[in-house]
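Dumping the structure here so I can ask a few things about it.
Letters A, B, C and D name the chains as they come in the text, with residue numbers starting at 1 for each one.
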Amino acid sequence: MPSTSRPIYTETNKRRSLDELAAMVSNDAIVAVGGGLSSREPMALLRALLRKGLSGLTVVGSAHGIDIDLLCAGGALSRSCESYVGFEQDFGLAPNYRRALESGAVEVNDSCCYTLVQQLRAAIQGLPFMPIRSLRGTSFTALHPEYKRMTCPFTGEELLLVPALEPDVALIHAQYGDERGNLIIQGPPVADLLFARASRVVLATVEKIVSTEALRAMQGAVIPYFYVTALSGTPMGAHPTACYPFYAYDRRHTALYHAAARESAADFKTQYLDAFVYGVSSHEAYIESIGGDATRARLASWADGDDAWMRLYLDEAVA
Amino acid sequence: MPSTSRPIYTETNKRRSLDELAAMVSNDAIVAVGGGLSSREPMALLRALLRKGLSGLTVVGSAHGIDIDLLCAGGALSRSCESYVGFEQDFGLAPNYRRALESGAVEVNDSCCYTLVQQLRAAIQGLPFMPIRSLRGTSFTALHPEYKRMTCPFTGEELLLVPALEPDVALIHAQYGDERGNLIIQGPPVADLLFARASRVVLATVEKIVSTEALRAMQGAVIPYFYVTALSGTPMGAHPTACYPFYAYDRRHTALYHAAARESAADFKTQYLDAFVYGVSSHEAYIESIGGDATRARLASWADGDDAWMRLYLDEAVA
Amino acid sequence: MIASCTLGEMMIAAMARTIGDGELVFHGFGSPLAQLAMHVAKRSQARRMVLIAGATYGVDPAPRFLTPTTNDWVMDCGASSSLDIEELFDLAAAGRMGRMFLSGLQIDRWGNCNVTTLGTPRTAMKLPGGGGGGNLSCDAQRVTLWTPAHRAERDAKGRRRFRLVESCDFITNLGHRDADGRPRQDYGHQGNGPEYLVTELGLFDFDAEGHMRLAALYPDTSLGDVQESTGFALRVVNCVETIAPPTRAEVKLIRLLDPLKIHEKEIRPADLVRRFDIVDTRKEPA
Amino acid sequence: MIASCTLGEMMIAAMARTIGDGELVFHGFGSPLAQLAMHVAKRSQARRMVLIAGATYGVDPAPRFLTPTTNDWVMDCGASSSLDIEELFDLAAAGRMGRMFLSGLQIDRWGNCNVTTLGTPRTAMKLPGGGGGGNLSCDAQRVTLWTPAHRAERDAKGRRRFRLVESCDFITNLGHRDADGRPRQDYGHQGNGPEYLVTELGLFDFDAEGHMRLAALYPDTSLGDVQESTGFALRVVNCVETIAPPTRAEVKLIRLLDPLKIHEKEIRPADLVRRFDIVDTRKEPA
């Protein structure tokens, strides 16, 4: 629980390189990964963390996929408190995640979305816990002996108390940011606003760094600068997840990822990690490795209309 | 506390007249008045309530002014749980409010902004209470014997538990709304989003009723339709408080109000209530009574630039 | 003219019919059958329902086509507003969520679902996890369960791995009784628990004890089919009905909404070939 | 060239100097002196402060002119983002609000303030109320108090009604000890309580016990002035200093920010005529 006052960040220029951001994450940290499912996950930053050889991380979050699966493949995790990690109906279970959790290498410590929300809210409000009514009767209470029960002094009913969760670091990919660290998230923010408020350090990658005036004119959720520790301009930084309006979900690349992951840990290492993570020295090299401008153009084609958008998701397009 | 499930409203056409809205508020209700200070208070609806002769209301809110003062003058209240009622440095104390509370006609039950936020949040989350750390050591705890203390089972520290507050009705003035009840609030929402989520009935007046498509294209805070019980298109509905971008705070009218209120209850009745509340049969008649189009144009002149904006607030302009 | 429909379309229609008008309804992610059921209901018997999309939390969106993943801007098109994760879950916690769709890799007689881990105490198989199901199964007023994988064929050793199990290895989503048999009511949750289960073999409701009960079969399934694929003693209503097919308009709507046939990814290959006649006695919706 | 400044400008400068760089600072409503102090600090020694405006909750706004009321769009002009009431108060509750300005119609030796009611137990005079002060006085890391109405003239009966009182009739904002003398630390609040009090007669800090202590006087006020207007035994620092005037640039800035002289509404008529020489030894900010 937060025993001391929470930090704010007021430097006037917070631009850093992707590797500088990665260097601000420590082994064994509690990490909140932003975005969710196939959307706006901070993939470039996660790849940089893997290249750095980070380990022992605990991840917390709501509904995730390739981000957590990749961290599992890279041996970065020791505990998963996510609510969901998978590829939905699209490709099914998350193979690297399964291997890591079934082998015991990563501790199974699943949570639920609202439990997470309430735990983050407690941190944001400087409180040691938040009450919830739900979850009693499920197996989550046995998996989380840290939850406590109380008898409500107003109603006499039983409530569950979930402790404050203050991630050491939040990793967020946003569409836009300014030098001071203001971030604009367009489309569903998932849990990112909560992560930004609850975490001690907030590291952001953004598609575009723009002026504060330009930010102000945009529609979208704003994370005020004083929560943000540092940011990096990282175009295509969420690939292969979507970052609209810049690019859609790269289903073709995800199919390739999942096919390699399904084989075995060894095959995934040679076919995917060596090709797209360890074998590329920078995010720029990664962009080249996935096809550079041609891929960029393909994924931007969603904006050409419903047919073009649909075409990105045809099974025939996944080859 | 909320013992049963909370209502949602899904009628496809929620447009009602101002008087129909007023008819939906009962004597003795707990009422959350939206807006704050000199901005976006639902004044037209409050005047309609006074014309209806409503009484026994409890009001809850953060920082208010002429709205609560007027309700006091009209004898509508029996208890005030506001955090602040006054005219700031501008005109000082709230005369009708003072008379009502000093005479004992209205119970003094002041609250604080964050206490209110947490009590509304409890209602919104279906919880019987919310913890806070602050307020212990002040006199508010004696004024509110309903607050309870607990020893935190995580940290051993003492916390204050404030009970859920579910207003019977929220009265909100917004810039825009659609037939289904979606509302757009531009500029500071004050506590209106919390009021909308926490209250059993939400009655809104709006400057303009527009299509859902038009609403969607606008920037601003949205109150989704299912919280909203009914709404009325009521241009100038916040007068004499501001409703930008339509009109600024009518300082001249407020000066006239305050001068009458300072005199005595009797003088206020004849000089103000009879002229602007009881003596006008409708909101349209009220608009005429305050100068109609000329006043409208004067208050819209803020948009002509800083000098024009400043001119509205010159002491010389208050005559 | 549409003469027949698929199993997926049958299931979608059956799920859609569990939705009442004026309910606030939510589907999670990775659940195209539930997504389509909601869009069908919204356009037929439940025009005043509040449709909240999983993952994007858009209110009443009108997506141009169903996408293979749930958190895609396509799914948010036309939404009249967007909630965030806090507001969505608060709505449920305050008892305002009328209905939620939930599923499980294990579902027991009380409607408990497991999507967390198989094998106990050691994790033999890690499942994806339940998202917000642990919370919403307690908070949503009513729950419709579904699974398109009820059938438990014998494996090479002649054993069946049931989807409808004697007991869940982990209770991700709470049904009518917890692992110790304690009734849900004891917990004082906001919600009333599972009301229906739609599978590819039949439709179930829950009796006064909270026990699952076969209520209807498909034209091509039998009581025996259901019994042999169910890991606990079946309870059956007095008069088992036959699940009605969707109307032609509903089938047309489903095909329009899901041109990529995303929902068929949920259906097992053997069930993809099942066809059901549409004998349209109900009035087509306008 | 500006040769002198007013009392208001002196007070604004003294209040501004209590702000540290990099602090998140908040003023409430109806407090033009505090508003101006924050804008002055933001443009001089505390350029990295996070300035959160009362009532609008705008972050770092640059209003074109001070308005007679606080929740006016003018005050929000140029804000880089806008918080809402929840986020603002959460920031404080989590210990992120570095400083808050608070005042009272009664202020006692421990820095408790009353803006709720005069007269106890019966309300003789209803004051406007404290807004969020009851919460923020506990949560904000540091508090600067101010009042431009310290002077307590004798009334017709020769009695003084003190602003700095022996004890508050109601503790709206918590200082260093509660009504029973219990120290603030016992409560485990996030914040550390009042650090300074700026009045029209002098500047106070708080000693290790949490007791108010005269630390500086204006060039035109004396220890005697302060003592006779204070309702409790004065404590005084060893070496009482003289409050420094603002720089010429600061005065210019104040006059630019407040062309309508809104802040003078806080000042009593007798104090409006006080003037202070500006002997500018400090370097003007760029």
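Here is the rule we use: a contact is a pair of C-beta atoms (placed from the backbone, for glycine too) under 8 Å apart; a residue touches a chain by one contact, two chains touch by 3 or more.
These numbers were taken from a predicted model, which means no experiment stands behind them.
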Labels of chains that are neighbours to chain A and to chain D: B
Pair joined by more contacting C-beta pairs (B-D or B-C): B-D
Where chain A and chain C are represented by their mean Cα positions, the distance between them in whole Å: 28
Centroid spacing, where centroids are CA-atom means, of chain B and chain C in whole angstrom: 43
Euclidean distance of C-alpha centroids - chain C vs chain D, Å: 60
Shared-contact residues (touching 2 or more other chains) in chain D: 82, 93, 139, 190
In chain A, residues with contacts to at least two other chains: 126-127, 132-133, 157
Overall pattern in which the protein chains touch one another (line/ring/star/complete/other): other
In contact (per the touch rule at the top): chain pairs: A-B, A-C, A-D, B-C, B-D
Chain B-touching residues of chain A, taken from the complex the two chains share: 1, 126-133, 148, 150, 152-155, 157, 159, 161, 163, 219
Residue numbers on chain C that touch chain A, as the complex places them: 29-32, 55-58, 64-65, 67-74, 76, 82, 84-86, 89, 92-93, 116-117, 123-139, 168, 170-174, 178-179, 182, 184, 187-190, 259-260, 262, 265-266
Contacting residues of chain D [partner chain A, same complex]: 21-22, 24, 47-50, 59, 79-83, 87, 90, 93-96, 98, 139, 141, 190
Residues of chain A that touch chain D when the two form their complex: 2, 4-8, 10-12, 123-127, 178, 180, 182, 197, 212, 215-216, 222, 224-226
Of all residues in chain B, those that touch chain D in their complex: 36-39, 62-63, 65, 82-90, 93-94, 97-98, 101-102, 104, 108, 110, 112-115, 117, 121, 132-140, 157-158, 187-191, 193-194, 221, 242, 244-245, 248-249, 251, 302, 306, 309-310, 313-314
